[in-house]
């Protein structure tokens, strides 16, 4: 799909300088772009590339004063980066919206129900009574179990597996390889040392505007629902255990895990590789540092914690600094011991 | 599938109160259940919902004394929760047992051998000389390499990949997306800084009654077998390296990892996101706390360890408490230094 | 495929003792091998098994002096282990090279381009304008998005998903379930507490001779490329964020993660479950201990760090040792306080 400089200027409400017929079909960084590509210059540090690049069309800031003539067609806007990002976002939406139809071979149960403008990729499996809302795209090799509901305008990437009875809202994106609705890890210890499985008969509910990364796992509830609330963003390789609730607009970085029945409030942030123990409550707007392990509820909103077990961030930083000075601290104690021993001896001698 | 109150009472050996013909087709929590659903009341805290719920059939404790009339059909048993869990467990078994036949399209090599009552889902691949025992269910999009053996009554969920020559016992459950038999991470450093792959020609053996979570990885042995012994339970996103042995009934929580050639005893427990270094031995019944990193063998059965590097649990807790008081401890040292310095000066002055 | 003792002796340039017609079709450890299997004895500790094993052919060291007669055919070489590993490596290459052709059903876009001796497994999807180089093997259930390029002699294992526009070099191995090119985790916070997705329009470039483990995730760049350089080895369940660069021959053990825009030099080593924060630079040959969390750039080549936040390895070890003696250190301070208090009191009394 090609766009001319003039078309792009109209889309982003920019001011055209140069040949409005210059056409572009893809994007490139200004220092690497080839002829036929669109680029942008936001960071003044890269200005030199403006005069060297082969890009055909470049979005620049209104405020930029050219030091040399430029070959490319320029489009001036108040904020080049923001205009570029908006453009790309629109472009990707457009590309996704154009996906439609059923690739073959795929397997769609007779009792499944597909909305309008739905795409189902090859080798995808749609189980009995599954429902896919208008405009949702199911990429290749996806497995949707019986009774799975997918809302409208979702993007379910290749190889996602969603177990029976799980419910996905509208405008949800799930990246490749993620598993939703696997059994929670529940086993009752028996007298002979073996474990008996506790049936996991709940489901997972993912609300609107959630994005989930690649190869993540979200277990179904023992009963009721594991719940990912509206607007939450989950990164790759995340583990959400049974009966967890993730609050609205909460952000969880890669390789983090939340243990069973823990409830996260709104706008919580978990750094990468962090973990939270089971049956805890994390208040709104709390921040959990990367690799931290939270073992107690955080009842105060806006708390920041770090370490394992996690505790107050500023105290923890101070403790860490001192921890590093432990060897030196031990020397000081030794020195004190020596001096005090001497003082005591002198006193003894004196008496 | 519908059940009447009378049928359920018979199945769980309970005492019926009310309409034995009341029919249910699914389950719900007592505070959410709709008409046509079965529920239970175990926790007295929720008794109010007994009088409000729309559930059609409810399992309750023998000992419960009703404070108001109840619309639903009641079934009384000594322990409502346990009866309910047993019922669900039987129901899920039944549902699984009914799965049978080969969905199309699937790929089953001519030399593969399938037992009776086997199910193979669409888009699954069964390699040359693979063997699937009676009653095992291979869900959609599974890949079984050449010579893979699956025992009886296994449940292999969607998108599991098992590499060639691996052996799975009876009554094993493997959740979606898990990979079994990928190459161990073995590379020999070369003089020029590159690495030469060490061929990984062993396999993985998973014994009976093991359950493995979603998106886990278990590497094949360099030679011989990586071994997951009978009754072990492994959670999601776990990494088991080449030549590891996991003992009977050992339980490993999500996102934990065991490095190459380490042997875990029986009934070991690893908390979430914990790790064990390579070539170690962990005695029976040891407990490894969440996020701990074990760097030395635990030779004493029943040891509990925590931290990185992990050490004795009770000492570690005490050290952690003191670590948090480090800023205060430093103040005490400063104070001591000041006092001692003064004492020393006075002594000098006095002499 | 069968080989005789005489054939194997020729392949590894060894000296035959016994029946050159003894045939083997598989491999086994000397303590477990069955008739018809090839084994080796390198470690003198296992010599007893040489006289007990049922292996049909055994590779042994030139220097070994037999204490008893051996049933098996022997092949003597200077270094039995090395000869055995070489043999296996050749055998595996041979097996892989023999894979060729297109299994059905599979989906190969009309505009895709496949080289010679390519294998595509059943249920694999090759998108528009994708290119697969000579000799590369795409196993079952793989999804290659539009414009994906795979070089020559690659092995892409079952269920790998590679998003559009990513580029894989020559002689690359990617294990089952790994996802390459999923969106980087980029969201701009909005005034109302929600997050707006930052379009991720770059790609992933994996250079030659890289090996990537199972169920790993490598995100595409926001712009430009996430880059895995030549010879790097990445283990299972690893997370590589957007715009990261992994240097040549860098080795990353399982469940480790690298945050956005961080650059790793050459021959860096990351232990299992370690993490690196975003926008850092790690110099060549640095070593990051297992479970460490690196929060600052390591500018000095050959640095070794450990802990969270990670710092100098030898200091850290000393601090850890002292941390364990904290309870005892506190006692010493108490003792000092008592003595000093007494000294001060005496002085007060004396004056």
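As written, the chain order gives the labels A, B and C, with residue 1 at the start of each chain.
In this text, a residue touches a chain if its C-beta (ideal position, glycine included) is under 8 Å from a C-beta of that chain, and two chains touch if they have at least 3 such contacts.
Because the structure is predicted, anything quoted here is derived from the model rather than measured.
In summary, the pair subunit A and subunit B forms a contact in which the copies contribute largely different residue numbers, shared numbers making up under half of all those used. Its C-alpha atoms superposed on subunit C, subunit A is turned by 120 degrees; the angle is given in steps of 5. Centre to centre, using the average C-alpha position, subunit A and subunit B are separated by 25 Å.
Shown for subunit A are the residues in touch with two or more other chains, namely 105, 123, 141, 159, 177, 215, 237, 255, 273, 291, 308, 323, 329, 333, 336, 340, 343.
Contact residues of subunit C toward subunit B in the complex are 27, 29, 32, 85, 88-89, 92, 103, 105, 121-123, 139-141, 157-159, 173, 175-177, 209, 211, 213-215, 231, 233, 235-237, 248-249, 251, 253-255, 266-267, 272-273, 290-291, 307-308, 320, 323-324, 326-327, 329-330, 333, 336-337, 340, 343-344, 347. Note for the complex: subunit B touches subunit C at residues 105, 107, 123, 125, 141, 143, 145, 159, 161, 163, 177, 179, 182-183, 185, 187, 193-195, 197-199, 201, 215-217, 219, 223-224, 237, 239, 241, 255, 257, 259, 273, 275, 277, 291, 293, 295, 308-309, 311, 315, 318-319, 322-323, 329, 332-333, 336, 339-340, 343, 346.
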